[in-house]
Amino acid sequence: MEASTLQTFFQQLINGLSLGSIYALLALGYTMVYGIIKLINFAHGDIYMLGAFWGYYVINFWHFNFLFALLSAMLVGAVAGVIIEYFAYRPLRHAPRITALITAIGVSFLLENGMSYLYGSTPRDFPQIIEPVNYHVFGVLISNIQILILVTACLLMVILQVIIKKTKMGKAMRAVSVDPDAAELVGINLNRTISFTFALGSSMAGAAGVLIGLYYNSIDPLMGMTPGIKAFVAAVVGGIGSVPGASIGGFLIGLLETLVQSVGLSAYKDAAVYFVLIVILLVLPAGIFGKNIKEKV
Amino acid sequence: MSTILKVDDLVKNFGGLTAVSDVSMTLNDDELVALIGPNGAGKTTLFNLLTGVITPSSGAISFRGPKGTVTLNGKKAYQIANLGLARTFQNIRLFKDLTVLDNVLVAMTSQYKEGLLSTLFRLPSYYKKEAKIAKEATELLAIFDLQESVDVLAKNLPYGIQRRLEIVRALAMKPQILFLDEPAAGMNPEETADLTRLIKKVQREFHITVVLIEHDMSLVMNLAERIYVLDHGAMLAQGTPTEIKQNPAVIKAYLGEEVS
Amino acid sequence: MTILKANFKYNVSWLIIMVAGFYLMNTLMLMGIIDSFIENMLVVIGINIILATGLNLVIGFAGQFSLGHAGFMAIGAYATAIITTNSATAGGFYTSIVVGVIIAIIAAIIVGVPTLRLRGDYLAIATMGAAEIIRIIINNLQITNGPSGMFNIPQFATWPVVYIMVCVTTILIANFVRSRAGRAIKSVREDEIAAESAGINTTNWKLAAFVFGAATAAIAGSLDASYLQTIAPTNFGIMESISILIIVVLGGVGSLTGSVVAAVVLGILDTALQNFGTLRMVIYAAALILIMIFKPTGLLGSHELSFKHLFSGTKRKGRVRS
Amino acid sequence: MPDTKGGQFVRQANYRKWDGIMMKKSMMKKLTGFATIAATAMIFAGCSTASTTGSGNKQTGNTIKIGVNMELSGAAGGYGNQQKQGIQMAVDEINDAGGINVNGKKKKIDLIIKDNKTATSTSASVAAQLANNDKVSAIIGPATTNAGTAQTPNITKAAVPALSPSATDPDYTLQKNGKVQPYVFRACYQNNFQGGTAAKFTYNNLKARRVAILGDNSTDYGTGLAKAFKNQFKGKIVANQTFAAGDKDFNAVLTSFKSKKADAIFVPGYYSEVGLIINQARQAGINVPIVGTDGMADPQLVKIAGAKNATNVYYTTPFSTMASKKNPTAAKFMKAYQAKYHQVAPTFSALAYDSVNMVKQAIENEKSADSKKVAAGLAKIKNFDGVTGTITIDKDHNAQKPIAIETLKNGKVVNSVSIK
């Protein structure tokens, strides 16, 4: 097990990018939901967990193939997102934002512990529906699943960007995120737009659940907790509300964690992430791609 | 009559946009000055620059305070406020969930001290200070007929009273210059008339310089001793109401804008 | 002097309630009605009251959304654990509280000066990050015994000590809130720009509230370490900050009485749920969502229990009758 | 000049100086007042405050109450629920056989299970309730060291013994002065013993001289074992890195190990993460031996790692499928567990199962279910025939039992070596 410095560097780059693509995938959903109703949807990480469990069951028991598992998990994620929004967040749309945040935390607890109660909290192995294959490129290892995740993350980012910029619904979403009352006045259906955003964002999480389950081969009811918070950090670093920002933030956090671990400071990898977060916020208070809106006096 | 505030070549750029360009003006003791101009002329921006809410891109503002003349550029808003420049806002900015009395007391924060110990342990000196400062505030409120509503939350006051309270809050700062940003906005003629009397009273009784932005020309002409006219961020004209009324440039810029 | 006399009445009322509460609890304990299980619950509730009122000062009164309360609690807890392990005397314990408070104040200044410029959720996530950094550092230090945490910490924080500390910190916070300082921080919460224009140095007042909150959190941490006699870095993670936040929001943001009530309600709920095993957190989460949906401003909104209002209320009634 | 109220208001009197003087005076007065209050408070604190000290719980009814203080939710919920299954099974078996023989009279076990949600304060509260209100004879649990140490003061006050199936910190059973905690016991190895065994095995049997450590830094289990290994390993530690529970990506650390020329990797942690480490190490082409401890001895490990990858993997364990062939108690347990829960028994369940039976043994030996007697009985347990081996409780209340090292090849246990 020997490797040249350059090979190690590129290997770590690949490691960082694949970890980053996972954060990016989750951050996309976070950023969309936050962008539209300014709510840190704590339950987002748990929808990702639901997606993973759905994938686990349909592959194991209904023998879905990968694509169907992925698409159905996106659908399940979307439905879960819409239901959560309808029952838990919609009644609180005019309540103080901190109240909605606590509800989001409550939903997150409910999903985590509800799943623990129903299915136990022991980790399960995810069915290996795609046999992992390693490619050696100039001594650097990269697996087919890593490529798949990286490509999916980028693809979804582009699709989202197109939806937001080009479609009518996308325009409505942007309008609502700027001023919900004004959007309603010009005839935009507020509820439908917000539901659509939740569906879209949550379907990203559902897809991430299947992909990450496949990649790491281990799922459990609490799996959404840590990546959920990291993904939110990624979204904030990138500029919350911005789709490219979420991706850049995700890759940045992934690369940073990899860098810190590769120099032997793994005990401080989370501390480094939070430190960089604070520094970025101090320099760019709205994140890298965020627009810093000053209050009008 | 001596100069209390002198503004030289003040410029403010927002990105590529010049909101205020090369504005110079002077304010004297105890005078009532109006700042007029079409919408978007940069009046509120000028107020924001003078009171430190935003910082100028270039230019100088000097103020003759009780401790000699100081430059206001680069000073924070609270420092400028404590030097004696108080203001109200175009869209009322009261502390909505505080009582009328507390709104006024907040403005008096820097006029007294309560030691940490006496605050935390409620030493007798705390009660004395509180009583004394509350008395001062209530007296001030009484001058403006607000003594009945001291315990009312600011957000529960009628609109016109809210405007009045904002003026009282500014006066509680014991200012030397008071900036009023469209004090009559949204008021009916009766309320406007009340307000006119109020501003006159303030200026007369408190001996302070008052600067006001106003669109209501009858109010402006009725009140102001001098008028500055701002258009597209630049100072278009200045003079007495009679002079301004007859200034062709003003008529063109102002009426032209208003007609279209 | 009349002002003093008038306020004397309210202050004495509070004092009587506190002393009566103490003797009631003490009697119930001597009678065996409060056993060590209920005592344990009461102490945990007490510590949560300190934490929640301190956080409410920052969130509810200064309007600064901090999610890093557990970090400052950790500082107090470790100060007490380390000092009393080496010097197991009451003097050592009280010194450790002071040391913990001082370190927490320094940490709060280091964290607060840069981050309090941020607003809303950005501030929340920055303070959460800062608290995590504190926890990770503690997790990797020798003196704190790393992730194993510390145990066999001598117990000085018996229930009377905790009771007195709860009373003292609550009084201090309530006094702070109803003073010149309290008005200043509330004005910052209401409208930062207007506050600045009213001569309020918003940066300093925000920091003052943040630092005060951190100091009380450190006291709570000290009591926690000394009462439970065991601490570990995992006790002070994001989830702990969130659970304190939940107490604050459930009680009502901006209501100290609400924080006290919510700490009691949640304390009892939490204890009652011990028998439900895995289902416990499911019930807790469902309760949380339902309370928030049906009572979005918390149990008490921004209302406070005040003798001034009670007394003047009766007076007004009296006048009507006569 | 018209002098009005407003004018007076503006021209404020210079009252600050005067105020300063007044303040000093009143400060003095108030400080004395405050001192009085403080003194009163001290008196409160000093005299006649209630405190409870127990003399143990007597068991006079027809049942024996045994409490369970367990991590059923929260971070360690997964491990806690495995233990609960083991406990439940042991109790069912005992009750089906009529109960525990107390001085000739069979008494059934009344099991009281409570959740401490992996929190120290809740653990203390649960212990207080079990010991004082439920009047249990003994407590099984908690699973983690931190939750365990949090209950120690309360059970000691109430004189109720607690037997933890899996608290591994060396000082767990000790007081600050090094003396043994009279009511604290454990059924598992302590870290120094297990870490040392792994170190010796790695050096002597695997002949590894350069070892990289990747340990769980979020629990005392991982760090304690890593420390013990480091202290007792005669070769060189070339890298010492950590992860946190819940981490899923170890590629960066494993890649960094490549350049360290390690002969073996020591991974003290639980199966959830170690399984992933094995998986990712083998994927990354790292084929050196991976050595771990009993936290990874779980059937789920191989599933997460992938059978193909679980090769050249070693771990210390008191108990396993392999050992069960030689140990009839274990074989019986494995079979019954499979029948009851439809899965292969994990180590945590086995340890918990043994814990209940050790309590039973203690009660039968002492012919009493009084909590103090149970404590005495637990301290005297010798050559107890458990699923996890023949157990003797030593003077520090640690479970002494033989340790074995198992080898995995293609996901199957192919070898089991006993270490002395």
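Letters A, B, C and D mark the chains as written, and numbering starts fresh at 1 in each.
Heads up, the rule we're going with is that a residue touches a chain if its C-beta (ideal position, glycine included) is under 8 Å from a C-beta of that chain, and two chains touch if they have at least 3 such contacts.
Everything quoted here is computed from the prediction, not taken from an experiment.
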Path length in the contact graph (subunit C to subunit D, fewest steps): 1
Relative to subunit C, chain with the most remote C-alpha centre: B
Subunit B and subunit C, separation of their C-alpha mean positions in angstrom: 40
Length of the line joining the C-alpha centres of subunit A and subunit B, rounded to whole Å: 48
Rounded Å distance, subunit A centre to subunit C centre (Cα mean): 33
Whole-Å gap separating subunit B and subunit D, where each centre is the average of the chain's CA atoms: 66
Set of subunit B residues in contact with two or more other chains: 53, 89, 112, 121, 124, 128-129
Residues of subunit D engaged with two or more neighbouring chains: 73, 75, 77, 81, 217
Multi-chain contact residues (two or more partners), subunit C: 139-140, 193, 278, 280-281
Partner subunit C, residues of subunit A touching it in the complex: 34, 38, 40, 88, 91-92, 95-103, 105-110, 112-114, 116-117, 229, 232-233, 236, 240, 267-268, 270-271, 273-275, 277-278, 281-282, 285-286, 295, 297
Touching residues (chain side subunit C, partner subunit A) in the complex: 59, 65, 114-115, 117-118, 120-122, 124-126, 128-130, 132-133, 136-137, 139-140, 193, 238, 242, 245-246, 249-250, 253, 278-282, 284-286, 288-289, 292-293, 296-298
Touching residues (chain side subunit C, partner subunit B) in the complex: 3-4, 7, 11, 172, 175-176, 179-181, 183-184, 186-187, 190-191, 193-202, 254, 302
Subunit D contact footprint on subunit C (complex, rising order): 19, 22, 26, 29-30, 32, 34-37, 39-41, 44, 85, 139-140, 146-149, 151-152, 154-155, 158-161, 164, 224, 228-232, 234-235, 270-271, 273-278, 280-281
Of all residues in subunit A, those that touch subunit D in their complex: 1-3, 5, 8, 11-12, 15-16, 18-19, 22, 113, 116, 120-125, 128, 132, 134, 141, 143, 212, 216-218, 220, 222-223, 225-227, 257-259, 261-264, 266-267, 270
